[in-house]
Amino acid sequence: MTERVVLAYSGGLDTSVCIGWIAEETGAEVIAVAVDVGQGGEDLEVIRKRALACGAVEAEVADARDEFADGYCLPAIKANALYMDRYPLVSALSRPVIVKHLVAAAHKHGASTVAHGCTGKGNDQVRFEAGISSLAPDLKCIAPVRDYAMTRDKAIAFAEANNLPIATTKKSPYSIDQNVFGRAVETGFLEDIWNGPIEDVYEYTQNPAEPREADEVVITFKQGVPVAIDGKPVTVLQAIEQLNQRAGAQGIGRLDMVEDRLVGIKSREIYEAPGAIALITAHQELENVTVERELARYKKGVDQRWGELVYDGLWFSPLKRALEGFVEEANEHVSGDVRMTLHGGRAVVTGRRSEESLYDFNLATYDTGDTFDQSLSKGFIEIFGLSSKIAARRSLRA
Amino acid sequence: MTERVVLAYSGGLDTSVCIGWIAEETGAEVIAVAVDVGQGGEDLEVIRKRALACGAVEAEVADARDEFADGYCLPAIKANALYMDRYPLVSALSRPVIVKHLVAAAHKHGASTVAHGCTGKGNDQVRFEAGISSLAPDLKCIAPVRDYAMTRDKAIAFAEANNLPIATTKKSPYSIDQNVFGRAVETGFLEDIWNGPIEDVYEYTQNPAEPREADEVVITFKQGVPVAIDGKPVTVLQAIEQLNQRAGAQGIGRLDMVEDRLVGIKSREIYEAPGAIALITAHQELENVTVERELARYKKGVDQRWGELVYDGLWFSPLKRALEGFVEEANEHVSGDVRMTLHGGRAVVTGRRSEESLYDFNLATYDTGDTFDQSLSKGFIEIFGLSSKIAARRSLRA
Amino acid sequence: MTERVVLAYSGGLDTSVCIGWIAEETGAEVIAVAVDVGQGGEDLEVIRKRALACGAVEAEVADARDEFADGYCLPAIKANALYMDRYPLVSALSRPVIVKHLVAAAHKHGASTVAHGCTGKGNDQVRFEAGISSLAPDLKCIAPVRDYAMTRDKAIAFAEANNLPIATTKKSPYSIDQNVFGRAVETGFLEDIWNGPIEDVYEYTQNPAEPREADEVVITFKQGVPVAIDGKPVTVLQAIEQLNQRAGAQGIGRLDMVEDRLVGIKSREIYEAPGAIALITAHQELENVTVERELARYKKGVDQRWGELVYDGLWFSPLKRALEGFVEEANEHVSGDVRMTLHGGRAVVTGRRSEESLYDFNLATYDTGDTFDQSLSKGFIEIFGLSSKIAARRSLRA
Amino acid sequence: MTERVVLAYSGGLDTSVCIGWIAEETGAEVIAVAVDVGQGGEDLEVIRKRALACGAVEAEVADARDEFADGYCLPAIKANALYMDRYPLVSALSRPVIVKHLVAAAHKHGASTVAHGCTGKGNDQVRFEAGISSLAPDLKCIAPVRDYAMTRDKAIAFAEANNLPIATTKKSPYSIDQNVFGRAVETGFLEDIWNGPIEDVYEYTQNPAEPREADEVVITFKQGVPVAIDGKPVTVLQAIEQLNQRAGAQGIGRLDMVEDRLVGIKSREIYEAPGAIALITAHQELENVTVERELARYKKGVDQRWGELVYDGLWFSPLKRALEGFVEEANEHVSGDVRMTLHGGRAVVTGRRSEESLYDFNLATYDTGDTFDQSLSKGFIEIFGLSSKIAARRSLRA
């Protein structure tokens, strides 16, 4: 039987060319799989037909938007996942859900190999291949751009030579990856890290510097899950989409950073993630209200490691699963409302209320009703500081 | 000889009353010590004279602004110190420098005891007393508000009865602590954490929502130390002061959070720290450019612990010293320029350049000049993901 | 109605005197509660009758040995809990199970207060009181030794004056706490930390220096739980008891250390925990075989923090619960057999086998059958070390 | 000019063959470099001459034993470095010092390439190559066994065909790496991890099960450095050597473990490190006496990460340097004497004394002289446990 290769298909030039390229390089039949994670753009059916027109023996498309939001974005919200304290893992989160669909298709169609369109110097190749080898250790992986030297110019030539039904106009200056959780942009002039981004690179967000009316939103969480916006029930997907609109309209969620890639180099990245940033901001403050101090302190380290693992392509690793055992437990009481003002590029929490609150007015207040017994403090301070004090005494006697 | 008590003196009603109150409670002579950490307000000499007029047998004042900036704010910048990811430790940083002056005065004047004006439910009592016991384990500590039940009302009555030269007008609704690194505000109506702050609580910052021209600033760091602003050399104190002005004018550095106090309760806090936030934002991004990935990842945990220790009043603890051994080493190459746009409440980095940069254009670029050998990636990915893959294989065989 | 106090009762002199002492100090009725956690010694019924004879209005006894082993020792085994890398938390583990029984008795008998016999400078007072306040925040706690100055001499005088049915012979030189998981000994001459322990202090273990035949044991774990010894099914309690016998007979599990108490001081402690040390040693090595590397590395930090929390009396804290979410997940595959030689004070693993093993002979072997593709290593090494290499290049250009 | 390759030369069959093999494969001249890190065996001059006889154009030998002890073993002692809590990094420590000599020779002789005899599935290839690329990013690395398929059988055939002056007898069943800090053994029958080691694999240690007299030793440390044994000054090298003898004679320091290699596989390893284990055991206990609690707790994580980095071949990485900033600071007060009994495979601390001790008899004692104020504990416990208590209250109201 002819070998079969499942290809992660986007509908764009590169992966359209991959179909024939892989067939030529390997002699295999190519099955195209396109997964909708909220990247917008063309209709899935259009993409499916193009794959077939480009030579795929089979083409599958899947609307994975809710699956992506519930199974991938939501854990990131619960872990306040911000790589390097800033980046909400937009692309890193979408790879594993795509991987799941690729592996399912490989099993269904008896494919031995999975192909993707990534280069050999980014993170996504790792996310695809480490993911695939964790779900299906016996599948092989190929990346035509990396393994068969399929450059952009050669791809255009191939498309034209083979009359592929895909535009081969000059490449946009931007290299973009986007999904419902955000959008990543790389481009030549930003490779000089002294250059600032221009307004033109942004699509999910309006210019925060332009004057406009502020927006106020109340987000309701239940055990770490956003369940309502302004009192109206939402799915996680709807929460992200609505906040992409509302926070995006206020210029919220733009990021410009130099980032440590897994492959050892630093790169300059521009991101937009209005909904993600708004949700994580609200979730963090609700944790401040509902999570006990020592748990909150330790969770920061767990959250950081969770984000690094996901960034590094280890979504399906044993450590990530165990960290989620912690994160789930920590979100048990993260329920309540957070009110935020969205304006001028900032999502600012102005109020929080929760049945699960650990904020105790009577302990906190300095006014009438204070129930805190201040006489306890002296003993606390003395013993809390005792080990340092004993160490200090040593220094003095030296 | 009569016992002597050194009192941390602010010049305000509470500590002015403390002078006589302590004398009455203990029979001791009171020595007032006022330390200028950039809190503004009255002239030090005016404060000194008031202390004497209120009954102090001695009064000392010290301009510790540069000492505070260099020895206390700077380490916080190097550690990107943000308690709970947000609060730049404004009050927590000032306590140890005040403690140093109190202890020096106690030694100079032969005092056996140090007194401070804190209540028994906040963090500052711990910072004062743990600090004092670390520098001078044999000094005793007293806090008249906590230990001798010196309430506000009783203080006013005492001041009036004793004709103290200090205003006893109705207390401002705000409880404020401020220094050059920032300003903390607590107030009754914000003890309902659903209430948002009003414009009235802010002093260091303008309303970020008001339209104005953006400001652009270039901050130069050398080994983690801010040494120039827009090319003009500055001391650390000047860097903070100038950025308080410029970032404050743009509404930058306002914080509104529910915070975990060391004494086990959650409290609502409003902060303003325009200079601190601008400096830490710039420092973080320069680290992104100049610090190697694994060091950067580990440093986040070290920075967090450093901030927690300082927040918890353990400035003089052995662990803090050892963490600084790490932080100093990590800042060795944090030199270069960061350009930021200050506007609308946001300090946004738009450019960075550094002789010490680890960003390598030739490795990062996708254009001509790319020196990254993509063929290495396949082996990397396979072995990087191998332990997860082996674990995955086990799950499949189960 | 008369106030009621539930007393943690051991049957010994101190707590027997406490019954009357508390009654005198507080006017309350005292209910004695004795919990068997495997400390051995007198029959529970004897203890119950003595409590009544000493004046308790009610006396309850509970055999909590299985509950202790399953709910308290087992989590410690799963977390390889060794405080300061050495001490298996013997006393720290028993306090929370006793607390549960005390609180249940307080609710049953309508008591407002719980009393315990601890001093004011150890860890156990914290474990009792923090535990009680977490299970029943409204119960008060008292400790006659600490709060009512009930010294040893006064206790003896009280017992004699009141004809209590308890021996008041001169105190043993040893202060001992023991349960099925181990035994702790403090004594005057060991407070000089240059003095070595003498054979006389040990009870659970034979002298390891004496010549004897080695013993070989195979322990079977299922998901981290010891389920069989030498192929015979055991409960956790039986596993500990049998290994106390067999490892104790070989002198295993003696510890002599200077330890950091929660109250800020260092103390000298002697422990014996033959079963605990044997079980943890076996569990650790089975983890080496069955737990993926990154999970194993991270788990060390989680295990350490779990142990510190339990040592510090925070058994019922939210952080401990969340850490256990991680630890449970990490133990999912810790199943298999570990063979150990018990001899001369050492429990030495000599073999391990597991259906869940991640050790892959074909990847590990250097002989025929090797399936490891060495050609992948070059790419791995180059990219794995790239960020350090780039940093090194910087140093060279400086 | 002919290319030159510097070869890490041991004098054994494999690297003797490498000389000619590399010359054939690359056409380069080979310079042999042998470094004495205390591995014993042949005289360096004998080794030097053999290299030349095998075709090296130059041969250099260096006695790096003190350099190794002072610069590599000592930091490991200060960091209590035990990979996976057990393995004192024997081989991992020697690679960077050998790398230093290789790089120096490459510079001296104008070589473009460094070669080593490692396989492609172990850790040592990474340690060599990551080390070299950090010290000299422009040097290339080759490993004939891995890169040119130089198998054992081919090596023997090559040696015989070329009449190399080296024995080609059947390979020993053991693959051994040893230096002054310890000895590592792998062998075929131990690749079945259920098999126990036999006495035959050990060389640095006597059988611990054999009856013999105990030995008692006092080790003196100054700021973490072992400076005297039984009162006689020693260098670090002498300390290790003397304890190798004395602890080795008592069977101390044998390890048998399943270990996580950097390349993602688990392997079975047998180690002997009598001196290393004795020194680290003593150093740990002296830390217990002289290091403040919070510093000690945090140091465990730092120590673990230091050991992992060194195991993983990242000796020259920025993170390791920064961790050492912490470790050095933490060792500042680790001075004093530790008395140990060496016997029956165990190094047991029986006494410690130190001018820098934080153990305070008067605080610790329960006898006359007690200066601990127990009345402080109540306030401490209440506030220490308050955040957990508030969280507990929430659970009760649910």
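Quick notes on this one:
Note that the chains take the letters A, B, C and D in the order they are written out, and that residue 1 is the start of every chain.
Just so we're on the same page, contacts are C-beta pairs under 8 Å (C-beta built on N, C-alpha and C of every residue); 3 or more make two chains touch, one makes a residue touch a chain.
Chain by chain, the UniProt names read as follows: A, B, C, D = Argininosuccinate synthase.
On a predicted model such as this, the values are computed, not experimentally measured, just so you know.
After Cα superposition, the angle needed to carry subunit A (Argininosuccinate synthase) onto subunit D (Argininosuccinate synthase) is 180 degrees, rounded to a multiple of 5.
Looking at B-C and C-D side by side, the one with more C-beta contacts is C-D. Each chain gets a centre from the mean of its Cα atoms; for subunit B (Argininosuccinate synthase) and subunit C (Argininosuccinate synthase), those two points are 40 Å apart.
Mean C-alpha position of subunit C (Argininosuccinate synthase) lies 32 Å from that of subunit D (Argininosuccinate synthase). Chain contacts: subunit C (Argininosuccinate synthase) has residues 260, 263-265, 292-294, 314, 317-318, 357-358, 360, 363, 375-378, 380, 382-385, 387-391 touching two or more partner chains. The touching residues of subunit B (Argininosuccinate synthase), counted against subunit A (Argininosuccinate synthase) in their complex, run 84-85, 119-121, 125-126, 129-130, 133-135, 137, 146-147, 175, 186, 188, 191-197, 208-209, 211, 214, 254, 256-260, 262-268, 284-285, 288-289, 293, 296-297, 300-301, 304, 308, 313-314, 316-318, 339, 341, 343-346, 348-353, 357-361, 363-367, 370, 372, 374-378, 380-382, 384-385, 388-389, 391-393, 396. By the touch criterion stated above, subunit D (Argininosuccinate synthase) contacts subunit B (Argininosuccinate synthase) in their complex at residues 260, 263-265, 291-292, 294-295, 298-299, 302, 305, 309, 314, 317-319, 321-330, 383-387, 389-390. Residues 292-294, 333, 356-358, 360, 363, 373, 375-380, 382-384, 387-388, 390-391, 394 of subunit A (Argininosuccinate synthase) are the ones that touch subunit D (Argininosuccinate synthase) when the two sit in their complex.
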